[in-house]
Each structure stands twice: as structure tokens, then as C-alpha cells.
Amino acid sequence: MKIGFIGLGAMGQAIAGNILKAGFSLTVYNRTVEKTTALQKAGAAVATTVAELCKNADIVLTMITDDSVLAQVSDGADGLLQHLKKNALHISLSTISPDYSDALAAKHAALGQQYIAAPVFGKPDVAAAAKLWIANAGSAPAKEKAKPILQVIGQGIYDFGEHPGAANLVKLSGNFIIAAMIETLAEAYTLGEKNGITRNDMHAFFSSTLFPVPIFKNYGRLVADHNYLPIGGSPKILQKDMRLVNEVAANSSVPMPFANIVHNRMIKMANQDVEEDWAGFARQIATDAGL
Amino acid sequence: MKIGFIGLGAMGQAIAGNILKAGFSLTVYNRTVEKTTALQKAGAAVATTVAELCKNADIVLTMITDDSVLAQVSDGADGLLQHLKKNALHISLSTISPDYSDALAAKHAALGQQYIAAPVFGKPDVAAAAKLWIANAGSAPAKEKAKPILQVIGQGIYDFGEHPGAANLVKLSGNFIIAAMIETLAEAYTLGEKNGITRNDMHAFFSSTLFPVPIFKNYGRLVADHNYLPIGGSPKILQKDMRLVNEVAANSSVPMPFANIVHNRMIKMANQDVEEDWAGFARQIATDAGL
Amino acid sequence: MKIGFIGLGAMGQAIAGNILKAGFSLTVYNRTVEKTTALQKAGAAVATTVAELCKNADIVLTMITDDSVLAQVSDGADGLLQHLKKNALHISLSTISPDYSDALAAKHAALGQQYIAAPVFGKPDVAAAAKLWIANAGSAPAKEKAKPILQVIGQGIYDFGEHPGAANLVKLSGNFIIAAMIETLAEAYTLGEKNGITRNDMHAFFSSTLFPVPIFKNYGRLVADHNYLPIGGSPKILQKDMRLVNEVAANSSVPMPFANIVHNRMIKMANQDVEEDWAGFARQIATDAGL
Amino acid sequence: MKIGFIGLGAMGQAIAGNILKAGFSLTVYNRTVEKTTALQKAGAAVATTVAELCKNADIVLTMITDDSVLAQVSDGADGLLQHLKKNALHISLSTISPDYSDALAAKHAALGQQYIAAPVFGKPDVAAAAKLWIANAGSAPAKEKAKPILQVIGQGIYDFGEHPGAANLVKLSGNFIIAAMIETLAEAYTLGEKNGITRNDMHAFFSSTLFPVPIFKNYGRLVADHNYLPIGGSPKILQKDMRLVNEVAANSSVPMPFANIVHNRMIKMANQDVEEDWAGFARQIATDAGL
């Protein structure tokens, strides 16, 4: 099977690298061509257009910022929809809106192409270690075809049925849960600090008793240290994720007060142009508390 | 060493049972005398007054609902302060306010008695299994004296320094973190359900990928099943805990929007007289969402 | 000038009635034809299609539930865009999204037609008394042409410039302000009631001292009496308004915690199918408080 | 009748001035003696101790920052309780907690002294114009005795029954309503500004249509101008007021999400040591929105 990969940000590079390592024939494409260099050295072919990438590809994976950039990649004269082979499969790894994902699936289906959503959980270091958690959704044969690829990039694949948007909603929900966990930690550790308990002592306790789990330990560590690097996503991207959570909530009439709050936090962060991800909630809370 | 134990609710009975099993000489006291029966059969002596319990006790543990009930036990003619032997130690396991804990410590000290706060994490089944997590604080010699007892009731003891109130604040913070985790889960699972993803599928994913940890699995299971039994604390008690978190936050000038929300949830639950603990947030959220 | 009017709900009927009373030649259209009876008796012509209504109309006013219903009226074979005369003016009185309003304006312009947004403030009784407050926006000549009509339906016209969407945003903002005022009153009166002060005494004080203004007196009266009739808009409609406020806020990166809360309140009300408008917030708050 | 007045901040000076102007015999006391100068020139006697002030006073008014400062004035060797004549009346104008007010009333009663709570609404300029709104509560004869004084300092007296704390709760509720109104305005005007509508245009519309009332006009003017002077109360004082609202809400089990938010805003302001009152919410919101 010949594989194409579009979107070589930090996540995309790590994932594409693992596909290559697993022995698949890989062609990559990225708008900024410099980002293809490392993978080219490692053995990947480089396409200069989406059309060229699609020529022989049986499967094309995309790892793209958001709905509108994915639309640029999908639509138009040099778009995936135009050039993907009949029966070829588009695996969308991106964190996009469920509605857009379902709409894109319908367009592919109308052209005799396959599409699944397979968004992933993990920062770039997790992607590099091929330890991503993957939620996928789409037609059964398409998911079956995707499996050998997804298995070499992640440590577990969870199925969410036929509607691709369901997997995207799981991804958005997961990001909401992470954001809410960080807000929770940051409020608690700040309360401790203002009452004479160090952030370190708080973190040592909770991360080894109630929550001895990597995601809590890692984000809690950043919050305890007020050290927010490396970031797992730019403020604008994470603001988009929280906006999507709130949009789905509004459209399906679910009141989500915590989701409102973390959305507002991300809006503030994006407005202030800090280079921090949501771990930076801890800075907002500390500042609000006069620390 | 002779041990006394006051407060035989579900938690107290389980903890006292483990002290007894470990071979300590134990005398128990409870306002409602029926609750002493099981422990008496197991070998504990039963005191009919606090004074009697204190007579020979080197250490007295209390596991009491709240500040005001603990004050009834501590103050007055038949109170701990009046009757505890000089140099004897009061280990307060209860979830009480940091300020009250510090004030009580000062009273004991003035009488030549010792006091530490050692609040515990875990439901009654965890207490029965001697798997509680314990945060303790107080003077070093007092903590040293308490250690043999605490070791037989829990699986880990964490030290938070000289001021007893610090341990109580850690306990309150932990309860806040649990409440916020439940709110988060319940919002996410409800969002999933209203968009065609079962609560079970959501829970299976998150509890085995990002949060494979007992507290998340257990509460998430209850939330996924809309089954809130057995409860870990009555609504009035948990309302009190959330009120204390918000009180400490207000007094130390820390804005805690998540703590405000879970406090309001507990107020609603307590007003509606449901017999559910905070897992019941899930019912509020589902109802609000029209499910 | 010949006038057309589309959308004869309670608001539309009252407004159209005043246009008729002022002596204008009026043709009306409504999907449910029964609602045209009263105006027909009062002298209005009744059109059975939008096309027929547009035939001689110099100005067509629409008073429609939301974006999607207005799109049904505007687009398609029997739509306003298709049939409105060149240079004729569409005055949109509806509470719709700023983006849709601007998009519709562009479509009209492309066809050589005029469009202004002129959303109105006031319940049906205020409309009947020709005492509406009107925010309008659009091209200067179009607003000039609209003036004689707007003057007979309202007591004041405020200009918000060239972009029609600006007037729609003012309307949405106003609805947010009203919703927030009701939440505020309801929280305060409930706090009073739970502490021994009657809702009536609270209301008598605040409505004659700090806020002696009809909107506060009227909604405050309903809140004080737990009597929510007559309603000023169905829960679904008001949910839509609050959703739009939050959508504009999200899209323009403005954190609005109060808007989040009143949006959630409207979601709950709409989910519970009560026939109350936002005055019903008071019922939610009283129930939450155990009253 | 001989009148004493304790507490000569900006409000106290203005109020005491009006009592003097009305022809009452007035003795004043203030910890910082400099603040008595202007009133002394205007004809007031100056006492150097509370005891001296009480010597001949039939009525003593206090206008004091908070519970703890009022306790300093009331208790102790030079306190009001010790020195107020039998049957003399203490009129407490301060914004204090209902519980403290009721407790102080009981102490006065036990000593054969009278006490009413009569908190006032209005900034210092309103106080100077004798246009305050007054909520009073206490025993009927005490309110009757207070009337001639209250009539010369305000434009209206509203009665809230026998329990003094009720009047204090009305005052706290009013401050909450004002804070919530400012938050509402600031969110709406910021939303407008980020979407091309000037704060001035927003304010011109709402303050002349829906809310043509001084308090909305005045605070809205400050919000529209980002000009927060003169301030109506220091951040620390207003934080205290919002803390008390939330405390009463917690103690009486009323969920008040808006009150939580304005409390958090005041905490932030007080932590940041800005010299702005709650009109400064508008600065927080504008900053959060990236303006």
C-alpha cells in the first residue's frame, strides 16, 4: 500500500516518521516545503502538489490545523477531493468540527472515495514514541483498511461507529477534559500556595495518590513549576478547540458551565498572544490571585 | 499504647476496625450507642462518656461530621479538652475547616495536650481495606507518635508541615478536585450522549487511555450508569466541604470559578434532599440537557 | 408608497396594524393564512404568495423568527430576492444574526435592491402602542426611505451606521442585557426571600429607588410574583437569541461570563418545554434554592 | 436632641454636614482627627474619645468601613456599648454583615440601648445633596426616633421590619445588583466595540431607551469612557461587600452564579491594587477581550 501524508507540523512529522519506519512507501506534502527535508532524508518521497501526492496513493492521511485549512487542502483544483483515486482512503487525523468531518465524508463518498476520522491524543513526543491514543469512526471497511497504519502510530484504537463526526467529538471532549483538569489543578494549587502550602507539595500528594496518571502528572508538573514549555498547541488552535466544544454544546442544547470557563480562558490567552498552551491557565489564576 | 476512637459512622467503624485488628487496645465512643455493637463484638471496649474514653487513652482519634459537631465533642463538661490526659494526642481525621483545626490545636497546646490533623481520602470500602491516603500536619513529635496508628489505617502518609490547618486544606482541595472531575466527566458524557455517543463508549475510552486511575474509573462508572450508589457522603456534608473551599478561597482572595460551580451544584442537591453524593451532578446536567 | 409586510406573529400583527392606521397602502402575507384575517378586516390586502406581495411594493417589511425562516422567505422561487422590485427596500425587523443580515444585504445589493436592518425593542403591547425602540443600520438613502414607516411604529430610531449587522448586534446585546437584568433580580430577590425579606418588599425598594424604569419594574414584577405571563418570546426563540450573542462573542474573542450563564438558563428552559420567557429564570433560581 | 457621629470618610462627612445644616446639635468623632476640621468649622463639636461623644448624645450614627472596624468602635473600654446612654439610639449606616448587625442589636438591647440598621445608597455627591436612599430595620420606636435624622440625609426611607440584619441584606443585595449591572454593561459594550460599534453609541442607545435611569447612565458613562473616577468605594471595601453577599448566599443555600462572578472580579481588582471601583470591571473585560 502506498501512503500519502499532508501536514508536517510537529505532530505530522512525528507520525509520518513512524509510518516510514514501519516500512510503508510514503510520499509527503507540506505547503512550507522546508518541513519535508527531514522525512525526505529518512526515505520519504516529496510531492510538490496534492495532485502529485494522490497519484499512486491508496491512503492519504491529513494532519491539519483546523476546518478551514483542511478545506483548502480538500477543495479546489489541487484538492484531495479532485485527485484522490477512486476507493482510496482519506484518514483525517486533525482536530476538526464533527459537522465538517461528516460533510467531508459525504463529499468523498459521492466521489467513490473513502473517509474516516481518526483524531489522536498525545503531544509530539508521544506521537514520536508511537504511543498516541486514537478514536476512529467511519464505515467498517474503511476502518479495516486504516488499521495497519493506525497501529504503527498509536498504542490503541477505539471505535466510535459509522459517523466520522463522532470520533471528532470524542477528541474535542478529550481536549475539554484536559483543559478542565488543568483549570482544576491550577485553582487548587493556587489556593494551597496562598495558604502556605507549596505547589510542589500539593502536586506530590495528588499525583501519587488520587491521580497517578501521566497526563495529570505532566500537566500538574508544569502548573506546579509555572513552566509551560514545551507547549502542546498554540493558543489560537486551542481556542478553536474550546470554541468547537461550546458550539456543539450550543447546537445540541447542553449547558456546560466548565466548558464555558475554559473557553473564556483560551480566548484571553489567544488575545494576549502568549506562547503557552492551556497549562498557562495557571498563570492567569495566579495573577488573578495576586501572586 | 491505649487508643480511643470517637465517631462511628461508616468511615469511623471501618477505621476503628483496622486499629483493633492491628492489635491495639481500643475503646470507642459514639453518641448513638447502637453503632458500637459490631466493634464491641470484635473486642473493643465501649465508653459511655468522653471522659471515660479519655481516662487511660494515650491517643484519641475523632472522625466527625463537621466543625460544630467536633466542637460539641471537644468543648464542654464532657469534652475532649477537659478530659484528655496531659501529653495525650488527639488525631483529628475529620474534614473540617483549617481555621477551626488550628484553633483547636492551640487549645490543646494550652492544656499540655497534643493535636494533629490527619484527614483521609477514600470511601468506606477503601477505609475497610486500610487503603486510605492520609495528609497530616502538626508538631513533629505528635506526628511521630501518630505514625503507628496511621500506618495501619492507610496506604500512605503525606506530611504538610507544622500547621494542622494545612492538612485540612489539602483534604478540602482534594474534595474540590474530585467534585470538579465529576462535573467535567458529566458534562463531557452528556455532550456525547446528545450527539449519538453512548456514555459507556465515552467512559471506556477515557478511563483506559487518558485517565486509567481508580477514582476516575469509579466515579466515571457511576456517571456513565446514572447509578449513584453507594454514596460517599451525604449532600449536606459535601455541601459543607464545598462551602469551606469557597470560604477559604474568599478569605485568601483566590478567584476559583470551578469551585463556585461545584459549590452551587452541591447547594442544589442538598436543597432537593436527594440521597446522592456528587456523582449526582450527572443527573443535574442530564436534566438540564433535556435527557 | 406601497408597503408589504411578511410575518404576522403577535409582533408583526401589531406593527402592521400601525402602518395601516397611519394611512399607508398595505399588503400582508403570512404562511398560516388565518393570521391575516384581522388586518384584512382593518383594510389590508392579502397576498397568497411572496411574489404577489412584491408586485407593487416599494417597501417590504419582514418580522420573522430566525435566520433560517427568513432564508426561506428570502431565497427560492417564491422568495423576496427573486421578486422584490429593483430599488425597492427590504426592512428586516427580525432578531437575526449580524452575519446573516450582512449577507442578505449583499444579495439584495447585487440585485439592485435595498436592505436595512431595523430590529425593534418591545413586547407586543408596546408594539401595539407604537412605542417600540428601533436600532437601524444600512445605507443612508435606504434608511431615509424607511424613516416614514419606522416613525409610525416606534417612539425613537437610533442609527448604527452602514453595516446592517451592527443594528442586529445592538438588538442581541439588548436582549442579553434584559436577560442579565432578570437573572440579577431573580438572584437578589431569592436571596432576600430565603433571609426573611419578601420578594415584594425587595421589588418595591429597587424599582422605586435605583431602577425606576419600566423594563425593570415590569420584569421585576413578574419575578416578584412568580407570574411569567404574558410571555415576551418562546423559550426556543430566546434560546436562539442567547446562542447568537455567545456565537458573536466567540467569533470576536470576547469572554462574556454573564452571557454564558443566561445562555445556559435558556437552554434549560427550552429543554424543559415550559411556556415561559426569561422571566422564568426566577423559577429555576427559586427551585435551585429549595423554595 | 443631641446627635453624635462617628466615621468621617467621604460619605460620613457629607452626611454629618447635612445633619448639622438641618440645625441639630452635633458632636463628631474620627480616629484620624484631621477629618473633623471641616465639620468643626461648620459648627460641630469634636470629641476626642467615643466616651466623650456619647456623654450627652441621644442618637449616635456610625458610618464605618466594615464589621471589624465597627467592632473596634463598639466594643472595648472606649466603645459605644460601654458609653452610650440608656435608651439612646445607635443608627448604623454602614454596609456590614446582617449577622453582625443582628448581634450588635442584641448587645445594645441587653444594655437598655436602642439600635437600628439604616444603610444608605449613593456616592458621596449624592450624600452631599441629601438624596440618599435609605433601607432601615429595627424596633418600631427606634425607627420612629431615627426618622427626623434620616429625613434630612436622604430622599426616601424604606422599612424592612424588626430585624436590623434585613436592612443590611437589602444594602448588600443592592450593591450586588449594581455590580451585576456594570458587568452586564461592560460585556455588552465590549462586544459592540469588537464588532465595530462604539461604546458611546451603545451607551447612548441603552441609556435613553431601556434604562433611562441615573445609576445606569452614570456607571454606563464611566464604562463607555474607560474613566473610572471618582470612585465610589475602594476595591478592598467592595470586595468585602461581594464577599458578604456570597457568604449570606452560602449560609442560606442560594446558588448565585452572577454573584460568584462579580465577587471574583472584585477579588482580582483588590489583588491588583488598582484605585478603581467596580466600574473597573470594564477594564478587566476589555483586557480579556484583547482591547
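We call the chains A, B, C and D, going by the order they appear; numbering starts again at 1 in every chain.
In this section, a residue touches a chain if its C-beta (ideal position, glycine included) is under 8 Å from a C-beta of that chain, and two chains touch if they have at least 3 such contacts.
The shown structure was predicted, so the numbers you read here are calculated from the model rather than taken from an experiment.
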Any chain that touches chain D and chain A: B, C
Chain pair with the higher count of C-beta pairs in contact (B-C, B-D): B-D
Reference chain C; chain at largest CA-centroid distance: B
Chain centre separation (chain B, chain D; CA means) in Å: 41
For chain B paired with chain C, centre-to-centre distance based on mean C-alpha positions, whole Å: 52
Contacts with two or more other chains, residues of chain D listed in rising order: 253-257, 261, 264, 267-268, 270-271, 288-290
Sites on chain C touched by chain B in the complex: 257, 264, 267-268, 270-272, 288-290
Parts of chain D lying in touch with chain C, wherever the complex brings them together: 98, 121, 133, 135, 156, 158, 160-161, 163, 165-166, 169-170, 173-174, 176-178, 180-181, 183-185, 187-188, 190-192, 194-197, 201-202, 204-206, 208-213, 215-216, 245, 248-249, 252-259, 261, 285, 288-290
Chain C to chain A touching residues, read off their complex: 239, 243, 246-247, 250, 253-257, 260-261, 263-264, 267-268, 270-271
